[in-house]
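To keep things simple, chains are lettered A, B and C as they appear, and every chain counts its residues starting from 1.
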């Protein structure tokens, strides 16, 4: 039996599972180690101690540049993108009540991709690349809104959401392919890299912008977090307990889309993080949304950081998009989990 | 109207669509010339040559690809007893495409035979994976579970395809158009093995039609009636891979035909597979012919990839179906 | 001597980093056209990006760039490699490298060009930045002279039929691209005085993609300049099936025997002054062949 402590303060009470906290702490330590490791590796291999020295006192100009301006923002961006996508996936899996749901399914990824490719092919010549994240988020929001409205028939059911999500995604993917095929080849290449998901060339303003978005979404998430577990019950049962099911579902969907949309806007269409990381988190941590969410965030962060590390060190001087390796690293893990779960 | 009469009228419509496909293109070729091209071919007349080479090969490919995809979809829906099964939705198209890209870029194989085999392997791998994942855990094969499994596998293989293309940027331009589904002319001689495969698959499916009815009645009833369900299932899976694989090897990834045509035929014709399968073949051919004809003229002188057409028109249909379908819940 | 060079540099409002009498600059070129122009100016870059084909360097540049390290792809150069090479100047393109511009700026001063295929502008600006202003001027003058000379030669050769219409065709594995006047090869041919068909003039963009042989009539012109994208079997097969197609044989250029195969690298991939000069070589060859036939 896990040791559980109940913490009460005025009208607020919380059950704290000590083993969960221990594991979360371990995951946090792992994340820091991975970050340190990523900072040390690359074209120039430094030892972690050197990295710490460079961070606190800059001596060699080009090494400082490499560590502080080239590697660090990229790693932080990768971590934030991974964390946001995993939490988004976790929420979606509970809304859809199915462990195979992910942001890729509900039109978020395809909406953002269609908008991004449209922007890169036609508007980036005049407006520059600075509004790309905005376009991507707009695309994700519109696609999800369309799916939600189309799925609305005196309320939404998980099955209808998924089916219509698949249909709308297919349309958007077709539109994206269409634009890709007819845009000049030169834009096609950069659009394709974006579609695979990459944190190449990130400079400090980008992770900071993403972080501020995520911080903005956090309050809503915390507010709804307590009710996520109830959401997984049958609709009628939940209503019987007094939960306003439709509002809750809409609210959670909004949070999920906001998280995933922001992550995709800055990191490109990285797939699978939202699918794989929640699974791994659920196996490591006892049920309870808060614990699972933090664990999923940490695992997602590590996954994308590692994928980016592999992409930029293994094929030097080529710098391959992180998205490729998320799929490569995550899939065997995923299949292993699924097959194990059969028995 | 009896099913037989309906099938015959569908056949007539198919013939008309063929003629339309032969007539439409960058230049409109009038009917008498089309007839003359087959009866008294004049090697010096451009129109005659166009009709007998370029347009004929396109028309034939559209017919066989459309028929294969529709029949594959019907078979999958019977196999999994899931009204949402289809080669596109279940990642089989994506798997076949990925393996073709893999073998043609890594091993530089570019003959149609090589493509056929890689497409088969890809379709088989994807199908197995979806089956495995969809069957995971406890509970029955609910439509939701297997749709999600299929979407996950499709996304997986597209991600891998994209990965390969990012690394091998040279081939990107060529493969991109084909990946979106394209019926651009291929000489009939090179496409022959693929077409043969499609024909064999269709024939096999029609032969199995009676058995499918029995299988659909339910597991216990079928075994009770003496049917070897395991063997039938295996044969069906092989046929699906054969049909879907040859369709992808011929024309790239074309979605929604395998999903929607069986539904339309079930509604309009009969759920008896002995009528359903031929009906699917005919209607699938008609739909793809019309889509291809439209894609040729929409943005002259360039062409819309036909997979984009079927998605843009098929998806709203699908959404409508999903909204209406309470019986999938 | 150094002072006069410096004075020249200053006269053309040299950027802040250009000191009078500086040592040869370590420059990294991040797109094909810049590499090409650097070599033409006699400057060997200390780092270049991979070529699009004939990897890792185009054959016509291999001798000049033998020992030069590569810093990755034009679309995604490796920033760490660039930083470690400690360059004095980076030549990049707004079109490709807008996103990494803030990072590049921190490594070294950046000469940012708008596009990747404006070879004359690239040459002039690189000349100014690399203290090779005089040389750049010489090259540009020589270009003008060559173009004028070739123009005259072509007018004489074609006499009454001047100016003929042209089409530039890029043969790929399963489709054909036709380059429009706004493209790199298109602009050179326009400079030489060639004419374009109505459909080419009206179309927008840099190229059009023809996937169906039925649309071949769109590229009908008096002269075809053709190149094969890659030297593999599939492209060969596509070209052979193309020339045997009746619609092809019906067009003016094949009928008049004016289908000329040229070097694809120079015509569509180089984007630089050397490549443009190689284009002129090809056109001169065609003009000479006209006289012979």
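Note that a contact is a pair of C-beta atoms (placed from the backbone, for glycine too) under 8 Å apart; a residue touches a chain by one contact, two chains touch by 3 or more.
All values reported here derive from a predicted model rather than from experimental measurement.
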Checklist entry - Most C-beta contact pairs, which chains? => result A-B
Item to check | Most widely separated chain from chain B, with each centre as the mean of CA atoms | outcome: C
Checklist entry - chain A to chain C: how many Å between their CA centres? => result 42
Item to check | Inter-chain centre distance, chain B versus chain C - centres from mean C-alpha coordinates, in Å | outcome: 43
Item to check | Distance from chain B to chain A - Cα centre to Cα centre, in angstrom | outcome: 34
Checklist entry - Which parts of chain C, given as residue numbers and ranges, touch two or more other chains? => result 73, 75, 209
Checklist entry - When you check chain A against every other chain, which residues touch at least two of them? => result 181-182, 189, 193, 318
Item to check | chain B residues counted as touching two or more neighbouring chains | outcome: 169, 173, 177, 302
Next on the checklist: Help me check something: in the complex, which residues belonging to chain A touch chain C?
Outcome noted: 42-44, 62, 65-66, 69-71, 128-129, 181-182, 184, 186, 189-190, 193, 200-201, 203, 205, 312, 316-319
Checklist entry - Which bits of chain C are touching chain A when the two form their complex? => result 70-73, 75-81, 83-84, 86, 95-96, 98-100, 102-103, 106-107, 116, 205-207, 209
Checklist entry - Any idea which chain B residues touch chain C in the complex? => result 25-27, 46, 49-50, 54, 108, 110, 169-170, 173-174, 177-178, 182, 184-185, 187, 296, 300-303
Checklist outcome for this item: chain C contacts chain B in the complex at 52-53, 73, 75, 172-175, 208-215, 217-218, 230, 232-234, 241, 246-247, 250
Checklist outcome for this item: Listed in rising order, the residues of chain B that touch chain A in the complex are 84, 88-89, 129, 132-133, 135-137, 143-145, 147-149, 151-152, 155-156, 159-160, 162-163, 165-167, 169, 172-173, 176-177, 179-180, 255-256, 302, 304-305, 307-308, 311-312, 314-316, 318-319, 322-323, 325, 328-329
